[in-house]
Each structure stands twice: as C-alpha cells, then as structure tokens.
Amino acid sequence: MAMRDITLGQYYPADSAVHRLDPRVKILLLIGLIVAIFMARNLVAFIPVVLFLILATVLSQVPVRLMIKGIKPLRFILVLTFLLNLFFLPGETPLWDVGFAVIKKEALLTAILYSFRLVLLVMGSSLLTLTTPPIVLTDGLERLLSPLKVIHFPAHEMAMMMSIALRFIPTLLEEADKIMKAQTARGADFESGNLLKRARAMVPLLVPLFVSAFRRAGDLAMAMEARCYHGGEGRTRLRVLRISDGDVAACVLMAALIFCVVACNSLHLY
Amino acid sequence: MQITLDHVTHTYQPGSPFQSTALEDVSLTIRPGEFLALIGHTGSGKSTLAQHINGLLQPTSGRVLMDGQDIHEKGFDKKVVRRSVGLVFQYPEHQLFEETVARDVAFGPRNLGLPADEIDGRVREALKKVGLTQAGIEEKSPFELSGGQMRRVAIAGVLAMRPDMLVLDEPAAGLDPQSREDMLQLIAQLHAQGATIVMISHSMDDVARFATRAVVMEHGRITMEGTPEEIFRHAERLESMGLDVPSVCRLGIQLRQMGVNCPDSVFREEQAVQALLDLWKEGKPHGHA
Amino acid sequence: MADAIIQVDHVSFSYEEDAATAVRDVSLTVPRGEFHAILGQNGSGKSTLAKLINGLYLPTEGKVTVCGMDTQGEKDTWEIRRRAGMVFQNPDNQLVATVVEDDVAFGLENIGVPSQDMPARIEKALRDVGMEAFAGRAPHTLSGGQKQRVAIAGVLAMEPDAIIFDESTAMLDPRGRREVMDAVQRLNREQGITVLWITHFMEEAVAADRVHVMHDGQIVMSGTPREVFSDAERLAAYRLDVPPMARIAQALRQKGMPIADGVLTVSDMAKEVARLCK
C-alpha cells in the first residue's frame, strides 16, 4: 500500500519563458488552446495546434518524457473511445470487414480525430500544471474570477479552499497510510474478498480519517483566525501579478493559432 | 516466541527519485520476556524497524524470522505473526472508529474469526488490563473519552488479540505528566505479567527506569546495544549523536568533571540518591568515626 | 500598569457543553519583555486561557486587555491578534499554504501589508527562527520542529509584542523541542518579545521569569520557578511533576543530607553536591 508514492502537483521547477508567464495568461491560453482543439475539424487543422504545443514544450524546458507520462493513465479511455468510434460511427466507404462490423473510412478518420483531441487536451493541461506551482495557479484563478465577485461569486473563498486542499492532501494521505497499517496490524484485510466485503473493510479506515480531517479543519480554522484571517476583504497578496511583454507575445501567438485553425478548416481537406 | 531480524535492509520507493534507505543491514533478536527500548532520532529507522517485527513491512533484503521460520516465505500465514506481535502505533487513539468502546476493542478478535462469547471475554479482559473498569464504559463512544482513555482503548484493542509481544511506538507521546506515568506503569505491569515489550521512546529517563535492554539507532543502523547500564555508561557518545541522556547521567558527568567521584554506573534516580548519600557520608569528617 | 502587555483581570469563562475546561476567576499580568510559563495538566483550563488572551474566546466575566486594548471591543480584535500572536500545538494543523514563504505571508496578507514590504519581513522572520534556507519548501517535507518554527515566523512577520505558545512542543521529539525552545528564548532575550509559554513539561518552565500553575480552571500557584518547584507535594496534588533534580534533592533532604532549597537543574545539583562532599 504505497499511497505516499502518488506524486501530486506535478510541478516541474525551471526558469523558462513559459514558467515566467503570468498564471492568468496561462489559464487563458489553455482555454484558447481548448477552443482551437475543438474548432479543428480536419487533420490538417491540427498541424498548427501541434506546432504550438511543440513550441510551448520546447520553450518550457519540460522533458518530453514527463509530458508523455501525463497521457499514460488515459490509455484505456483512449483505446476505448477509439474503438467505440471506429465500430459504431456511421460512414459510407467500407474499408475492412472484421466479421462483426465493417470499418468505414469516415469512422476511422473521426476516431483518429477524437483520440487526437483527447491527447492534445491532456498535454496542454499538463503543460500548465507542470510549469505553474499550485499556489500560483490558485492565485491566478482567484484573480481571473474576481470580477465575478460583483455577482457574489466566491472567487477568494474558492481559491482559498483549493489551496488548503492542496496543502492537506499529502498530510491526509500519510495519515490514511498509517491508519491502514494500524488496522492491518489488528488483522484487518483490505485486499481480499468481493466488492461488498472490500467496501465494508474500508469503514475502519474512513471513519478515523474523517474524524481526523474534521479535527484538523477545526484546528486550522482557529489558527487562521488567530492570524487575523477575515475573508478576502482588504487582503493584500505576496505575489504581484504583472503582464509582461512575453504575456502579450503569447496572446498574439494564440490569436494566430486560432486564425490558422479557422483557415485550415475552410480548406475542406482531411 | 522469538523474533529475529537477520541482516534486514529496507528501502522506501526503490528506483524512484524519492528512494531512501530506512534500515541498513540490521540484525536483532528480540528475546522472550525482555523489555527492549529502541532509541534514536525521528527518521533514524526505529518505526520502520518496528513495522518489520510483525510483518507489516517486508525487507528489501534480509529475513525476518519467527521462531526460526521466515515470515515472508510462501505458505507462512502472516496472521500468525500479526496475532503474536501486537503493534501500537504513535497516537493510536487516532485509529478508533467503532460506535462503542467494546466494539472497537473487539475489532481484532473479530478479524481472527473467534466465536462471539470468546470475543466478549477477551474484550472484558483487555479493558481490565488497561484499567478501564468504570461501569458502562464498554457502551460509551470512544470519541467521548479523554485523550488518555482513548489511548487505553486503542491499546486494549491490540491486547484483545492476546499477543505474546507488544511493540509500542512512543506510547506516552503527548500525554500530560500524570497520564504519562499511568501509561508507563501500565506497560511495566504488562511486562511483569509476562509480555515481551519493545518500546520506542525519546525519553531516556523512561528507558533508564523500565528497559532491560536498549538498542540505539542512527541513520538506519544499530549503533549501540546493551543493558541500560552499558548504554548510559557511554553517555558522551549518546550526546555526540545529539540524543538525550538521563538527567542523572548528566549529573554524574558534571560531578566527575568537578572532581567528585560519582560512579558512572548510576543512571536511575533512586541509584543517584543512594550514591550521593554514600559520597556525602564518606566525605563527612565524622562519617568514619 | 502601562507596561503590562497582557493583563487578565478576574476572568471567568465556560463552555456550555464542556464545563471541565472552564476558567474561573483568573488574574494574571505579564509585563513587557518577560517570559511567563503556565503549567497544568490536560483540562486544567490553560489552553482556554490562551484563547481568551488572543480574543478567540471572550470572557463571560472580568476583563482581558492586550497592550491596553480590551478584547471585548470588536474594533480592536485584529490589532490584538496581531500584537499577541499565537502558536498552537499541532504543527500540521496551523500552516495554510503549500510553500513556506507563502505561509509566512499569510498573516501579512490578512492585515493588508503592501505587497512590496512583504519579502523583507518574511525573510527577516524566517532568519530569526533559522528557517531562511527553507523558504521555498513544502511544509509536509519539514520535521515537526521545523514546521513549528515556520509557524513562529508567520507570527513574527506581523511584528507582535507578545507570542502565546499553546503547548507548542507537546507533539515534538526532543530535538524538535530543543529547536523551538532555543528559538523562542532567543526571541525573548534579543528582541524583547514577551512570551506566554503554556506547557506540561516542567523542564521548559525552569528558565521562565515566572511560573503560574493552573488547576481546575484557576491559578493556584504563582512565583519564580524556584519558589514553585520547591513545593513538590503541592505540585503532585495538582497532578504535576517536578524536575528530576528537585525530586532527588527532596529525597536527599529526607535522608538528612542538607541540600539547599531551590535546586532545579543538573548544574544546581552538581554544585550543591560538590559543596557538601568536598
């Protein structure tokens, strides 16, 4: 049971042009990228998207190995969606009769398109988390969403919750590991039996974990109050966010990307 | 029952960038009936060692033997070790989960598959052993009890499995002086009743008072081993490892530095009182008259 | 009493659901720059008293003033908490941020310190507790003693007059306890920060200017460490311990050896024995 092995907040520390971008800009860039990915309707339209991602990865100094690692957990979903699309999408040009179904050219192309979209989406988001420390990311998110405070959207509270969750995940994982060991020492069995039996075996783990989480939450609330925390009002921040030339350049590049995708779409190619 | 660690090495997350060796070539035999203290800093490998004793962790290399049999060998039932070696983690009250004290203490025996009346008997016995005898306490929620009482419930939960050996990771941590003393007396009493005790402790005064043997660990290795008397005779060496020594030892060292002939075998309070009285009587001009 | 940083005047407080940890008619004055220790077993009310001083709880009777401000007055709450900061028991449950320097910044952000002033204050606070090398680390990778020192830095950065420590060493190993104790004593000595140190470890109270013993919600003994620890019998009645050397001195006196009063530490005892045996 190596729950502590899970590496969280997979930030890759480096001082690259991408790392230095304003987190707000990076979040917007990711949204732009997602839009571009979904707008691309044929394989040629993906060329500018791929080029953009390659450029971003090279600039970020993040090893390609880490980017690929991000896709690994998705491989089953990838294969599954690919096969489902392949077999069940309608099409006119039969390519290959596999017995129980006929694979059609249009279905094959769409299946490739969808899988491609998924891979690019994951790579784009990994690039954001790999180049932005979680704390900066929540900061950026809070400030992007802060205009919504006018309509009483709790932007500050949401960011604070995210940041506290990130802070306590390793602590609670460690605790879960310890409780699991303690119950195992009392003869508990978490590994064998059917689904129902296993679910019931989790009770001795989950109850103490919840009790501990509530105790920690109470302690933390007290400590935050003692340190003068009283919500987002009148708060200043350690990190000052400033839009630099690099940020402007990145936004221009993104606009160019979307334009290219639209242009490629209109070419009616594959 | 005897547990032997034979050249045990344990590496966490081998092959990953977080790889760390917590135990390196540790050999140790825990003898039946002894009170063994494990001493060392946080991170010296004591807790990792403790988790090898009942097979919770498997050595990366080396063997753990129970009465000569390798417990990680195929076909060896780990439940036998888990039943014979009770492991009490640090802050064990954090593992309580049942609605009532009795049900929580019964968790271990239930996992052993014992019949209901046998379980009831064991629960009563274990609660009595830890001194929780107030009427109606079995039916209380463990979460209503005081910190010291909760810890007793957790220990009762381990005792209910009737282990021959009890491994305790800092059983007195975080308790106030009186609860601390009660806890140590409880452990001493269990030892007197025949249980083998392995206790991880940061308090050298406690080690001096209760242990029959002590093992000092540093960086995953055993660096000193012997009776408390042998260990504390090398108080300077313990101090050079950044470990505490019993305050009585510190007194002895200071006195010897000041030219007072205090014997270096003194490490318990009552010994100190006697030794100082002897010194004083010798020193008094009319003492020999 | 212009120079009393903390003044507790006939204060009572009780929880509705938990009468055991109440505080009853407690009075206490901590002058500027002093180091006071409060001793007591669990449930003696010592933690409740700490929270009353910081304005986390408000007295049901009596008055608590911090630097002349009444905790009852809502307008001063944040100023009181800034000037009398607090460090708690569990090192894991009081750090908020995922990076050390951001955690130290947390209090500064709350009280609206301008962004450009923060880095210098954070750096100084971390340096004062010897944690400057860990500014970029994640709290869960630190030892207990290091986490507590980060918590102290978080309070220090707010430039407080006093710091209240609510059993801040109870969950640490001896090395961690020493680290924290050393840091706090240095702050008290070198920067004149007033300290209220709540603990159940006798040896931590030995170096205090004054010791107050709490039992059953009341302060039952007050005095210098020597005065308080010389009364081993009374301490035992409050379910407290005495330092080992005081205990040995007591036993020796009973056997007729004329050990002087007020022996608390190993060096006190060594000097005394050397005097008598040479």
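Quick notes on this structure:
Chains: A, B and C, in written order; residue numbering restarts at 1 for each.
Here, a contact is a pair of C-beta atoms (placed from the backbone, for glycine too) under 8 Å apart; a residue touches a chain by one contact, two chains touch by 3 or more.
Here the structure is a predicted model, which is why all the values come from computation and not from measurement.
Arrangement of the chains shown, judged by which pairs touch: all-to-all, with no pair of chains left without contact.
A count of contacting C-beta pairs for B-C and for A-B identifies B-C as the more extensively joined pair. Greatest Cα centroid separation from subunit B: this falls to A. Subunit B has its Cα centroid 45 Å from the Cα centroid of subunit A. The distance from the centre of subunit B to the centre of subunit C, each centre being the mean of the chain's C-alpha atoms, comes to 30 Å. Remark: subunit C residues 51, 54, 56, 78, 81-82, 85-86, 88, 90, 92-99, 101-102, 105-116, 118-119, 122, 138-140, 151, 154-155, 158 touch subunit A in the complex. Only residues 9, 133-135, 163-164, 166-167, 170-171, 174, 215-216, 219-220, 222-230, 234-240 of subunit A touch subunit C when the two sit together in their complex. Only residues 41-43, 146-148, 173-179, 181, 202-203, 205, 242-244, 247-248, 250-251, 254-255, 258-260, 262, 269-270, 272-273, 276-277, 279-280, 282-283 of subunit B touch subunit C when the two sit together in their complex. Within the complex formed with subunit A, the residues of subunit B that make contact are 13, 16, 18, 51, 54, 56, 79, 82-83, 86-87, 89, 92, 94-97, 107-108, 111-112, 143, 157-158, 161. Interface residues of subunit A, counted against subunit B in their complex, comprise 2, 5, 175, 178-179, 181-189, 203-204, 207-208, 211-212.
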